[in-house]
Amino acid sequence: MPKTKVAIIGAGFSANIHAESYNRFVPDAELVAVCARDAQKTERFAAEHRIAKAYCNYDQLLAESGAEVIDICVPNYLHHEICMKAAKAGKHVIVEKPLAITIEQADEMIAACKQSGKLLCYAEELCFAPKYEKVRKLVEEGAVGDIYMLKQAEKHSGPHSRWFYEPEYSGGGVLMDMGCHALAWFLWMNKGAKPISVTSKLQRVLHKSTDAEDNTVVIVEFDNGVIGIAEDSWARHGGMDDRIEVYGTEGVSYADLFQGNSALTYSRKGYGYAAEKAETTTGWTFTMFEEAFNQGYPHELKHFIECVRENKEPVCGGEMGRLVMEMLYAAYASGKSGAKVMLPFTAKVEKPIDLWL
Amino acid sequence: MPKTKVAIIGAGFSANIHAESYNRFVPDAELVAVCARDAQKTERFAAEHRIAKAYCNYDQLLAESGAEVIDICVPNYLHHEICMKAAKAGKHVIVEKPLAITIEQADEMIAACKQSGKLLCYAEELCFAPKYEKVRKLVEEGAVGDIYMLKQAEKHSGPHSRWFYEPEYSGGGVLMDMGCHALAWFLWMNKGAKPISVTSKLQRVLHKSTDAEDNTVVIVEFDNGVIGIAEDSWARHGGMDDRIEVYGTEGVSYADLFQGNSALTYSRKGYGYAAEKAETTTGWTFTMFEEAFNQGYPHELKHFIECVRENKEPVCGGEMGRLVMEMLYAAYASGKSGAKVMLPFTAKVEKPIDLWL
Amino acid sequence: MPKTKVAIIGAGFSANIHAESYNRFVPDAELVAVCARDAQKTERFAAEHRIAKAYCNYDQLLAESGAEVIDICVPNYLHHEICMKAAKAGKHVIVEKPLAITIEQADEMIAACKQSGKLLCYAEELCFAPKYEKVRKLVEEGAVGDIYMLKQAEKHSGPHSRWFYEPEYSGGGVLMDMGCHALAWFLWMNKGAKPISVTSKLQRVLHKSTDAEDNTVVIVEFDNGVIGIAEDSWARHGGMDDRIEVYGTEGVSYADLFQGNSALTYSRKGYGYAAEKAETTTGWTFTMFEEAFNQGYPHELKHFIECVRENKEPVCGGEMGRLVMEMLYAAYASGKSGAKVMLPFTAKVEKPIDLWL
Amino acid sequence: MPKTKVAIIGAGFSANIHAESYNRFVPDAELVAVCARDAQKTERFAAEHRIAKAYCNYDQLLAESGAEVIDICVPNYLHHEICMKAAKAGKHVIVEKPLAITIEQADEMIAACKQSGKLLCYAEELCFAPKYEKVRKLVEEGAVGDIYMLKQAEKHSGPHSRWFYEPEYSGGGVLMDMGCHALAWFLWMNKGAKPISVTSKLQRVLHKSTDAEDNTVVIVEFDNGVIGIAEDSWARHGGMDDRIEVYGTEGVSYADLFQGNSALTYSRKGYGYAAEKAETTTGWTFTMFEEAFNQGYPHELKHFIECVRENKEPVCGGEMGRLVMEMLYAAYASGKSGAKVMLPFTAKVEKPIDLWL
């Protein structure tokens, strides 16, 4: 069986992680093309990742590249547009989180892929991060009894790219960027249960010149009595922090993808790279390694390519991404009203953060 | 370029890790055959790892399987015999640690592979464990200044297979099993320097019905003033412990492959598997994940296959394995005399532990 | 200056910690009497802590013991009654948390002590725990910039004494027992700011045969924009967990009083005592030491005795305890309504948990 | 019973810790005098610690102060001289580690105190550090079975005071300063057993302009088969590190006095004080608290004062200090010869380091 042809749209941070993951860990996939706005950057990206063709126009890529799978790694506001065209072109689609800017977009994307008979894969790597998956499996084995509370936190001091802070491109702040991870992971861990309410507290504490919320706490209630607590921040210094806590009636499990995996280094002079968003490498640092692998990107993309090749449904598809969007809407609305927001919830807005601003 | 055909000799613990590593992480390799004594176990192994042919006789495998690379994952006393035949058959050879039982065997193995013009790869995975490699790279960048001391420890409560405790099969106890890791890693971290002496203290504290030493401390002096301290034990309960410490004039770095990577779980009921050699899964446990990857097996085997395909010398070859043998001899001799043993050192013995017993 | 005479009311868990703390660490105090219902237990307590007089009736103690300070270490429902009599008898009063069952009781206690001209000390040891105090001091020095979020969690698998689970004696479940710690500590860390709202989620997950809530999350908003997040649980196995996180615009600080201070032990046979509420001492355990000291009891009681001797106001007095009561009421009310409850808040109830049940 | 009158000789680092410990934690002791060379510094010290009399001449102090106990906290080379005079003056003596510069001095000090009928207390605080003592107690309870190996390490980047680096004042480098801790602790943990050999490796790696060794490993064999491994360094950056590991046939226990007790702080601006020998407070730091208490100084001095008052032998007296001296001699000798040195061992030298230089 020949390799599955994949094109990456985007040449930024997540595009790089995806490309590394395919090349090192997904031998059934072949990167045939990449597309990004800046021609020079795109050429460099193609060269670095040994990709044959580099485009600056994705219509052209869709028409010419021969890719079967379009992996969308661009700013949030472009997800819908590219997904729709890819679906129309008969491609399988992988979309980086969050699925879209609005619920309506999400619905259209799901419908378009259903109509084309192709997969819509929602790239939530926390459903594949190997340490978290090991925890999920021991929970399935009954190690902690019945779950009653799930916690997930992702924190750093803010993205480097400007568009994250501009809601017309991102849809909102840290909730859109990282809150979506926690919400999707709750759905994954508590599979079969339905979220019934969202309560949140949103703050803007560090990036005050922007509209974007940068510190948040979200409480989700599920119909089986389980609660999820998501903490997300762009205001926490000291490098990336990503952790889970799983509480059950017979035990508890804690896992952490960065500090808890790292070497511990003291350096007077500093060194090249410690970890994502680490602000310094002098003094004590938590030295990270194999970050893509530890976050589950290879496992995720391998799964998606397997689904394409074996015509299976991905464990995280458009429906999960769409439900996360709904919960994000509810989180912004609760942040505004201070009240618990019941699900299902929707609203007519241009972007989720409008419900809070 | 077609895939490189690999045959695994052995169907035990390390054979399993190698097979998993090839299949998941080394797409340029193809497992074409496996050979072990027990026909049923071998068939099961072949089925589990999707290997076409299962043999019970490695002469037959060498003659028929078409393998280009023979990966030797059997008890120590068989390394030499199989390597010699594989070399004679014109195969590249990968040998699990330690290289052999005696220095003479090691010399013959090196000579045989040299004569056949094929590679002799010494499978020291610590030279590839990604966390340790990240530390090595920051040391190369100058993060900790000039190294003056290296420490490596590997400890658990003893192997499950009987042959490890029987020196005629193993050559010795925990030094042969795990001390070799530390010694090889010192050579790798302190590349270019020559070990000049070995001082050791060996104990038999837990497995008293055997001849094998089960708790050891070894101090190695190098010609550049660096010292290495190896601690290895089969007497430490609580699951596998593998850690390094790198001390330099400008800093220090600590890394740990098991507890330091794990999720932390409390379970009243227990669960399936926590980590290599963990004795229980109830109460607090350090829950490990992706053990093969974290120990560097995929990176190691990928490197060896790359060397085969590109005709390169492996970073850890027969010479490293042979020098480790010499240091092991010296460690046993020092354990006996209580005195520092200068290198080069050799002795006429049937097995290294004879120098101590 | 002679020693200050102290009488302890109660002979249970917290009475023991107080007695140990006075005797080992507060030389200016002299334990002159103890009072508890069970005569034999009280005698034993007196003997163990070298206390001259043991009473079974606190009226008698108040009349005869000569104590200047009455330290109330009994179940919550007795705080008010004993405090009122002690105040009337002209004694200084120390009350273990929470201050009382109802806000009305708290108000009466404050008024009674004001009238008697004696101190009402609210025994919130987290305001004295030396590790947390070190964090508070570095925050005052500006180490983390402006605080925007405080977190405090206290979790174990539930008290041993029956009365904690019976709201007529306790006033409620884990919020009354341990949530009060977090709320008081927020007030201490964010001194000068006023809490303006409380939002909470309460669950009953492990102790289902009782009325008491046993897992809770509470979000407090302050008028300076800071938020506090309290997590408290009687449903988390594995021994006591007490931790704080302080988030600021220029940094973050994490501290933990139990696991993060402990020795790490693996024992196949087990041993006498690992830590408060630890359910086992076999396998891996976090071995605690000097628990009273690490939780700040000696520092707390030393401060109270100093206040008595030097006629100073304690840093945590009746007003703090009363405000904590109000926040507890609001937390129960929010747990019921699912809505944010604004402060000031009060209600006519027999006990706080009635607002939730 | 009146308080026991104590005079401190010295006004430096350890004098400060002792004074803090007496004042806060040893109510049965009264600091009546302090003596140091620099009058101004001594006055300041006396004022800070509320000590009535400040001397610049210890003969005068011995004659006039009325102290019953002389607590010697001065550079090593003065221990013998002051101890001898104190003994002659009929005082109990507490000597900070190491006991003296030479074995002959140690013998004279022991004899002098025996003759005067007063106590000679050897101030080894590791025999009192509460976390280590908790470990010792669980070992006594059988938690780890039979001990076979003890490890102790103390490391930082070097003392601030100049005299430590000048062997005529100190007797040697890091072994004299900190190696003595490990050796004494081995004797304490393995009580009743006799050390029979010492093997060591000494380096000078960071403080190259001095004669003093600054990185060492020492292996001690005991007559009951237990071994002790001491690692001591003045070359390890990142703040004080003090840790133990206790290995037994049924378990293991790890404890750490600094990093393992600390809050974990990230500060962009820095703050006042993180921990002993911490070189910076910006970035990630391990924030220590109650250092004197955690190292066991209060417990130690309380014990000594109790011994004085109740006429008991201290658990660490002159004999322990003298045996540590012998082991230090052996460690220097082994460092020179590279051979194991059998005990008992002595040599005619002016200072221990002469055996290595």
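Should a chain be cited, it is by its letter among A, B, C and D, assigned in written order, with residues numbered from 1 in that chain.
FYI, a contact is a pair of C-beta atoms (placed from the backbone, for glycine too) under 8 Å apart; a residue touches a chain by one contact, two chains touch by 3 or more.
These figures come from a predicted structure and were not determined experimentally.
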Chains touching both chain A and chain B, listed by label: C, D
Chain separated most widely from chain A, comparing mean CA positions: D
Chain centre separation (chain A, chain C; CA means) in Å: 41
Distance from the mean Cα position of chain C to that of chain B, given in whole angstrom: 54
Junction residues of chain B - those touching two or more other chains: 237-238, 250-252, 266, 268
Parts of chain B lying in touch with chain A, wherever the complex brings them together: 25, 27, 130-131, 133-135, 137-138, 141-145, 250-255, 260-272, 281, 287-290, 293
Touching residues on chain D, where the partner in the complex is chain A: 237-238, 266, 268, 279-280, 282-286
In the complex with chain B, residue positions of chain D that touch it: 146, 148-149, 197, 199, 201, 203, 205-206, 215, 217, 219, 221, 225, 227, 229, 233, 235-238, 247, 249-252, 338-340
